[in-house]
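There are two complexes below, and they share chain A, which is joined by chain B in the first and by chain C in the second.
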Partner chain A sequence: MVQMTINGKVVKAPDGEMLLTVIRRQGIDVPALCDHAAVEPCGSCRMCLVEITREDWNGWKKYVTSCLYPSENGLIVSTHTPELQEIRRNIMDLYLARCPGSELVQKMAEEYGLTRTSYKTIPEGDNCIMCYACTRICEVLGRNAISAVHRGHAKVISGPFDDPPPDCIGCLSCANICPTDVIEWHDQDGTRAIWGRTFDLISCRQCGKGIITRDFAEYLKEKRQIPADYFEICDDCKRVELARKMGGLVDLAKEVAS
Partner chain B sequence: MTYRYTVNPSRCTGCRTCELACAFTHTQEQKPGRSRIYPIAYGPDRFVPVTCLQCDDASCVKSCLFDALKRNETTGAIELDKDRCVNCRACVAACPFGCALVDDVHDQVVKCDLCGGSPACARFCPTKALEYKRIA
Partner chain C sequence: MAHDLAKIQEIINRSPQSPGSLIAVLQDIQREFHYLPCEALEATASSLNVPLSKVFSVSTFYNAFSLNPRGERIIRICQGTACHIKGADLIQEQLVAGLGLKPGETSPDMKYTLEVVNCLGVCAMAPVVVVNDKIHGGVRCDKALKLVKKD
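The block that comes next holds the complex of A and B.
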């Protein structure tokens, strides 16, 4: 355990735990766009900046991304100084220029009194904030199907060479984790479309409802040894089946007893 | 102290009190969540309250590629860590009993967590078809 001061309060935390986690546990709301518990932090959105100093720094201080800064003894952390709020306001101003269509960006910008950007809006902006949550989650699940392609302004998240990603299994983890909801997908007629590819959905053997993509099921079967037939029936129908099976046993037990 | 959750279907009258109790216990943003337990009829006036069996070698836990499902060693329940879950629904597809399910209201995968050690369904079941008993 280490001891630190956060906004004037003495706080204990496990050595090395990221500051953002510690700050949040204190009930302090530090904004963050690229942070997610299922992926490693990457420090890309910059909204979680905090000010740190120490007794022996003689008044010297610096700004660090709290999602990437490990706790250490004697740190003095401030989370909402006027300077920090001004930096966050500027970052939101820039995001507003890049992602004018994102509801989340609009909502967060509004918290800093911004309803429109003071910069020039990117006309072909696509609401992606380049936080890499999608590529990081795809890496965690072991597919690495997508990454950033091209450079500078043209940089986008896509499959290799900006083509549909051959390693994608259509699990939607990327689309669901994306904070600004820019990854398009849709399910239709037993198929799922995402990243320019179309996947077969397993439809429930009993009611026809779409379950998960066949490629995702195959992957889970191979990686986690889950029997393939588990994936063939939807959750609703499986509950009914369980009731029927258990009910049969209950009736049998009664018969035997009487 | 060790407790065990038990289901005795022959006592179930299908009154669905457990379903209500569950939905209201799992309330978020003032909206009751989807129930994690369902009394399902398998014949005339015969019901089985279907809920998560907290399996030993649980398929939901195995299927989650993000470690969002973990056993609470105190209660024995497999709990879903909402912060880690990305709603991929692998667990929903993998549970052989359909007891990892989707809460449509909150667009979130949910499952029984034994209410952190005091299951509301068992507390409210009028016929003791559901019980949470101390076994040691």
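The block that comes next holds the complex of A and C.
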């Protein structure tokens, strides 16, 4: 355990735990767009910047992304100084220019008194904030189907050779983790379309609802020792069936009791 | 374009077969073929155990790598401030007309690729033209074409 000071309060934390985690455990709300519990932090959104200093730094201080800065003894952390709020306001101003259509960005920008950007909005902007949450979650899943390609303003998230990614299994993890809901997909007539590819959906044997793509189901069965018939019935129908079984048990119990 | 897969594999095998060799291997392939063929990226990915998406990401990130075939002779005209003042525009005009190429283009016979760069860090030698890796300083616009064809 190490001992630090966060906003004037003495706090203990496990050695090396990232500052953002410690700060949030204290109930302090530090904003972040790229942070997600399912993936490793990458420090791309810059919103979680905090000010750090130490007794022996003689008043010297610096700004670090708290999601990537490990806890250490004697650290003095401030999370909401006027300077930090000004930095965060500027970052949100830039995000607003890049992602004018994102509800989350609009909401966060409003907290800094911004309703419109002071920069020029990117006309062909697609609301992607380049946080790599999608590529990071794809890596966690062991597929690595998509990555960031090209550089600078031309950078986009795409499959190898800018083609539909061959390693994609249509699991929707990328679309679900995306903070600005940029990744397009849709289910229709027993198929799912995402990243320019179309996947077969397994339909529930009872209600006919699409449950999961065949490729994702196969992948999970292989990796997670899931029973072969697990994806034949959807979760809703499983619950109904379970309730019916439980009802039967109650009847049985009544019979035994009488 | 079909490539010698055995040659590609031989280049890959020169480096340790681990993800850490990725950039070194791509550099070696780039040096051999003057660009990175698709087959080479696929072979690199499977040999070094790096996802193809990552290989593509790295090869599109660095300027040193090209995914399009480039000529034997890569000509870079410096358009940095000092070279610009010293008439890099005139040199570019001469080379564009003389080679029949716009910046970024490669001649159909795969001999020349013309590129424009922003600064090469040798401003004292301005105006500068680089042919492959040889730097030529104090280039005169009337001799530029001869220079890039001669070397």
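Convention: the second predicted complex is superposed on the first by the 238 of 258 C-alpha atoms of A that agree within 3 Å, B and C clash if a C-alpha of one lies under 4 Å from a C-alpha of the other, contacts with A are read in each partner's own complex, and residues count from 1 in each chain.
Keep in mind that, in the parts below, a contact is a pair of C-beta atoms (placed from the backbone, for glycine too) under 8 Å apart; a residue touches a chain by one contact, two chains touch by 3 or more.
What you see is a predicted model; the values in this text were computed from it and never measured.
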Partner chain(s) touched by A:H153 [first = chain B, second = chain C, both, neither]: neither
Chain B versus chain C as contact partner of A:R239, first or second or both or neither: first
Partner chain in contact with A:L141 - chain B first, chain C second, else both or neither: first
Which partner, chain B or chain C, touches more chain A residues: B
Partner chain(s) touched by A:K120 [first = chain B, second = chain C, both, neither]: neither
Which superposed partner A:I212 touches (first chain B, second chain C, both, neither): first
Partner chain(s) touched by A:L220 [first = chain B, second = chain C, both, neither]: first
Partner chain(s) touched by A:K62 [first = chain B, second = chain C, both, neither]: neither
Touch list for chain C against partner chain A, complex: 38, 41, 51-57, 60-61
In the complex with chain B, residue positions of chain A that touch it: 36-38, 137, 140-142, 171-173, 176-177, 202, 211-212, 216-217, 220, 223-226, 230-231, 233-244, 246-248, 250-251, 254
Complex contact set, residues of chain A against chain C: 135, 139, 144-151, 159-161, 165-167
Residue numbers on chain B that touch chain A, as the complex places them: 9-10, 38, 40-43, 46-48, 50, 59, 62-63, 65-68, 81, 83-90, 92-102
